[in-house]
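Below are two complexes that have chain A in common, paired first with chain B and then with chain C.
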Partner chain A sequence: MNDLVIDIKNLSRRFGDKQALQDVTLRVPRGGVFGLIGSNGAGKTTLIKHVLGSHYAQSGSVSVFGFDPVADPVEVLGRIGYMSEDREVPGWMRVQEVIDFTRAFYPGWDSGYASELLELFELDPKQKTRSLSRGQTARVCLLLALAHRPELLVLDEPSSGLDPVIRRDILTAIVRTTADEGRTVLFSSHLLDEVQRLADRVAILNCGRIILSDELDTVLDSFHRVTLRFDGSSDLAPSLVGAIESKGHGHEWTYVYRGDREQLIRAAKSLNAQIVHEVPLSLDDIFVCNVQRS
Partner chain B sequence: MQPMIKALTWEYFARNRWMLLFPILANVPACLILLPLKGISDIDSFMASRELIAIYLVLFLCLVLIVGFGVLVTQGSLSRLYLLPISTLKIASFYYWTGALLVAVQVAAMLYLWKALLPIDWPIAGPVLFAVVCWGALQPVVRGVSHSLWWVVAALAIVSGLFYWLLLRHGIQLRPGAMMSPDIHYWSMISLADVTISTTILSISYALTILRVHLDRSGRRKMSLLERIELVSESLQTRFASGSRQFRSPMESIAWYNFRAGNIVIPMISIVMVAFVWLFAVIGSSIARDAALLCAIPFAGTNLAGMLLVLTTLLWAAIGRMEQSLSPNKALDQDLKNRTPLGISEFLYMLPISATDIARASLRSSALACGVGSGVLLLSFVFAGALGWLLGTDLGTTVGLKIAYWKYVLAVVSYSLMMSFVFSNSAISVVPSLLRIDHWIWPMLVMAVLLAIRTPLDFSLSAGLCVFALVALIYSTIRSVIDRDASVGTASLIWLVGIAFAVGLMALLRNELGPVGMLLTGSLVGLAMLPFFSTTAGLCRARTT
Partner chain C sequence: MQIHIQAQGGVPIYLQVMQQIKYLVASGRLQPGDELPSIRTLAEQLIVNPNTIARAYRELETAGVVEKRRTAGTFVAEAGSPLARKERLKLLKQRVDQLLVEAFQMGFGLDEVLKFVEQSELNSQPPGKDSKP
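Then we have the complex of A and B:
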């Protein structure tokens, strides 16, 4: 059995003059939470639309559960729960009607779970969806995405419109439970604390390119901010192998360093420098650093 | 000029630099009509002829409509400026007066172009004044957010009033045979009355526009009657809403969605109209104590209901397209996916259902809607005819029909059924075919050949349309069979039924239709068959970009 839920190879996509995705290669393994992070306009939604078969691959290939989502939309979409960034639901339907309507498409629809979520999200089934607030609409969309217990849950900016209670407690619980049941969650966000809290793996997308993709712990372990004291004073930062950012003056220079700690110690020793301060980088710092660099 | 006005002016021209050329392109058909008239030798007497005045009036009204609509679309919604620190007076004034100026300039330019084409001294000032007054009078109606279609009624009332003014200024009275009057003339002089009318209308409409924009901006827009009715209906629905709904299959679910989301309007129009005319007939015949009215009024009313049925589907389809053109910031694929009200939204595309099944469900839903709509018309006609027979009056003779009553009824019902079906499926199925240049090569060739051998224009155009329908249908059939959207057996069956229907209808009306009517009937049947082959492909295109 293929262990990859999503397998994207060298995907490129252009809209007119804008290169939305460029040579993107991404593999999302089965199980766990995969966080896709990037600034606004980085290409997150475009990438997700390719996964859903809403955009065809101009070059490269996209495979979801081993199928081409454009050629086999029924096979792919039947196993995906998707919550779009736009939170689109037909305004003329009542909440119960949207649920009934959507249920017809998923043989695995769990009515008990849907009722549970309806109660948890405090939604009135008789209410017209056009009279719902943005947050309530987001809850309806989340319910629709979850109730058929999809193998792959795709959430595009899930926190947008959700209040802090739902976001921190319920969304976190749902995403973790889904992942713990062996299913996969792919979610895009630019709220990095949320990604750090939820994700097992992350990929950073910038200007249509994947600039970093790995397990979250590996990513967090491999970036350090270190302050080195050198014997001699210098106006320019001494060259440290593995450093991706530097600032300081005179004897003391602070680096953002990528690599393991042993390598760092060896590199510092080779420059006759002493490590005076060292802190791990948050995902936020890592993201900013990588985006600025790229 | 203030920086804000400069910025708004720049934004308008920067956003619409190409759109502003649209009236010139839209004027090409008018020029094509006018150019052949250039060869008339006795141009002076032709200039004053009633025929030319009639042609001129129709072309002029089309011009005002195109220019006015174009300026309105290019200006876009005012609400995007509501959060900027600009006074409501400035927002309303800027769009009102710059729009009026643009309408005046464009109409004047087009009229000069017409004058250049034909050596006729057509007036400029009066028509330009009329165009500006039209623009101003409609501003309070079209500005601001409206959630109901009452604006259409208000706009029709205003346009009717203005049309009456235009007719009067051309010496045309509202009475039978008025077009034959020798007093018909051009609007060559602006009288004091014209100035008074214009000033009054512009002042009132300007004040009302400011008020409307003010109410809209402050969120104090009054609810229309239809909105209030809708609100009450929603509240009742919420209170007495039934429990869960069970759909047996995704296709049934989609068919229900399509019907409730838009197609329901089609039978509703017929049912409401027919019920209304029968009620009116009962009351009218009781008051007038004339039993013949009991069947004559429903006959006339059912005809009107048939026309309304077709016009409503056309209007719905046009609104669907207009909404796309009003959102230039959206990507084209987004426009296609968010198409409303007879289209299919993005919400559906994310559901695990094939485009073929969506197409089948959509066609089933629209066929049901149009079938019920036309069926109601048929029942009403049959009932009116039966009532006439019972009352001992020949309805056909009473209403002055030149063909047998049953033939007339079958023709009206068949044509309204086909036309409403074509229009209700136009967004996804028919319009994409119309926009394909390669589909027009053969029709153009046929029309060119026919015109070259001096075949009458109406016949040539009908033949062109018929060839277009045939080309589009053949292409879509082959495409759908290759893509396996339709099996060879299904395609053959649809063709067989379509051909049998067309032949039957033409045979039935062979004495009444004439060659042009035959060609148009053939075209209509072809266009009505088109959605069966092109909807799946249209949905696939919309689903994946």
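Then we have the complex of A and C:
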């Protein structure tokens, strides 16, 4: 894959004695939705701020559209639409003033599209942003991130703390953005059903490290929850190659298994065990068991 | 076209879309020649990645369930009927397997299940227009 929108190599970052990012390597190809998953404090926002050039790389390198976002902010930021986790807008401005203010930074600003979004989101251009509800503020921020039709849309926890109607607006915006050829979305979330709906690729960040990064379908295919029935009864889970978690008693043991199915069938056979139940794991389950393990 | 996606489970979404469209075709709710919504429309409606819908449509096309017409869009295949029968049988088999497992677990034998099926058939009209075998 040579067309990478984001190419991060061995990035590490320390704040005081807290290691926020540790040897992070992340490649985001053009034209898809990349879901960055992690618990609170895992380093998602820190990582995103490196993409935006708000933090410089202490070690390792960050390249966005082939440029260093710290050295070339104009080249990079003009092509990114960004919605921060805090979703802050200057409270003393009116909605229209925030829009005009932001427009000045983006040569590619599409005023027609901005008005369309203003109407779609039912925003009053004359309203002071201070008096907007949390959901309306999120819509203003989304409008500001979208109206210059960015090549890369970066959303940091876009739907946390919002009601289902506004979440829907945000998720629909992600769908529309990717439906347009060649545009890329990077979003972080801990709402894993959203990630499962929207992402083509995911990375799990835990305590500053990437512990898993792949295509979503590959990730979903490579984890199984399987119950094996053994001839003999035992007090301890019989060891199964590839198992990362086990529960059960007596003849029947349930494993979380990482690997492909043929491997699993062979492994079960070698233990004289019968597969009595098998379910695919959701992204949620995969996340929890990987985070607990590392 | 009604499709419901469950994003909490582990079944990939493209597979859910595929299975449900196959089911709609097999059950006759989608007829040969019916047009499917565009990838973009369905992606927005279900709030899923457009690539996921594209993959489902692609695999349905490979399976012969739908066909792409050059400029127009995606349609339920005209030659879908022999395959539709195979699909219908597959669906039926899944349901029967499920029924048998549950029946055996509750302690009913095959004879009892068959008798019960015959009795139920007398009490209900099979759905669909061509109900005669």
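Just so we're on the same page, the second predicted complex is superposed on the first by the 281 of 294 C-alpha atoms of A that agree within 3 Å, B and C clash if a C-alpha of one lies under 4 Å from a C-alpha of the other, contacts with A are read in each partner's own complex, and residues count from 1 in each chain.
We adopt the following convention: a contact is a pair of C-beta atoms (placed from the backbone, for glycine too) under 8 Å apart; a residue touches a chain by one contact, two chains touch by 3 or more.
Computed from a prediction, not measured in an experiment: that's the story for all the values here.
On the superposed chain A, the positions of chain B and chain C stay apart, so the two partners fit side by side.
Using the contact criterion defined above for the overlaid structures, shared-chain residue A:Q96 touches chain B, although it does not reach chain C.
Our angle of interest has its tip at the CA centre of chain A and reaches the CA centres of chain B and chain C; in the overlay it is 150°, to the nearest 10.
With both structures placed on the common chain, the touch criterion links A:P280 to chain C but leaves chain B unconnected. Of the two partner chains placed by the overlay, only chain B lies in contact with A:A104; chain C stays clear of it. In the superposition on chain A, A:R176 makes contact with chain C only, while chain B stays out of contact range. In the overlay built on the shared chain, the residue A:R197 is in contact with chain C alone; chain B does not reach it. Looking at the shared chain after the overlay, A:R209 reaches neither chain B nor chain C. Look at A:G32: by the touch rule set out above, it reaches chain C but stays clear of chain B. By the touch criterion defined above, A:Y56 reaches chain B but does not reach chain C.
If you count the residues of chain A touched by chain B and by chain C, you find the higher number for B.
In the superposition on chain A, contact is made by A:L220 with chain C only, not with chain B.
Figure legend note: chain B and chain C, brought together by superposition on chain A, show a least Cα distance of 27 Å. Overlap of the chain B and chain C contact sets on chain A: empty, with no shared residue. Against chain B, in their complex, chain A makes its touches with residues 15, 52-56, 70, 73-78, 82, 84, 86, 88-90, 92-94, 96-97, 100-106, 126-128.
On chain C, the positions that touch chain A within their shared complex are 5, 7-14, 39-40, 43-44, 46-52.
Chain B contributes residues 234, 237-239, 241, 243-250, 252-253, 256-257, 260-261, 331, 345-347, 349-355, 543-545 to its touches with chain A in the complex. The touching residues of chain A, when paired with chain C in their complex, are 32-33, 168, 171-172, 175-176, 178-179, 193-194, 196-200, 217, 220-221, 223, 279-285.
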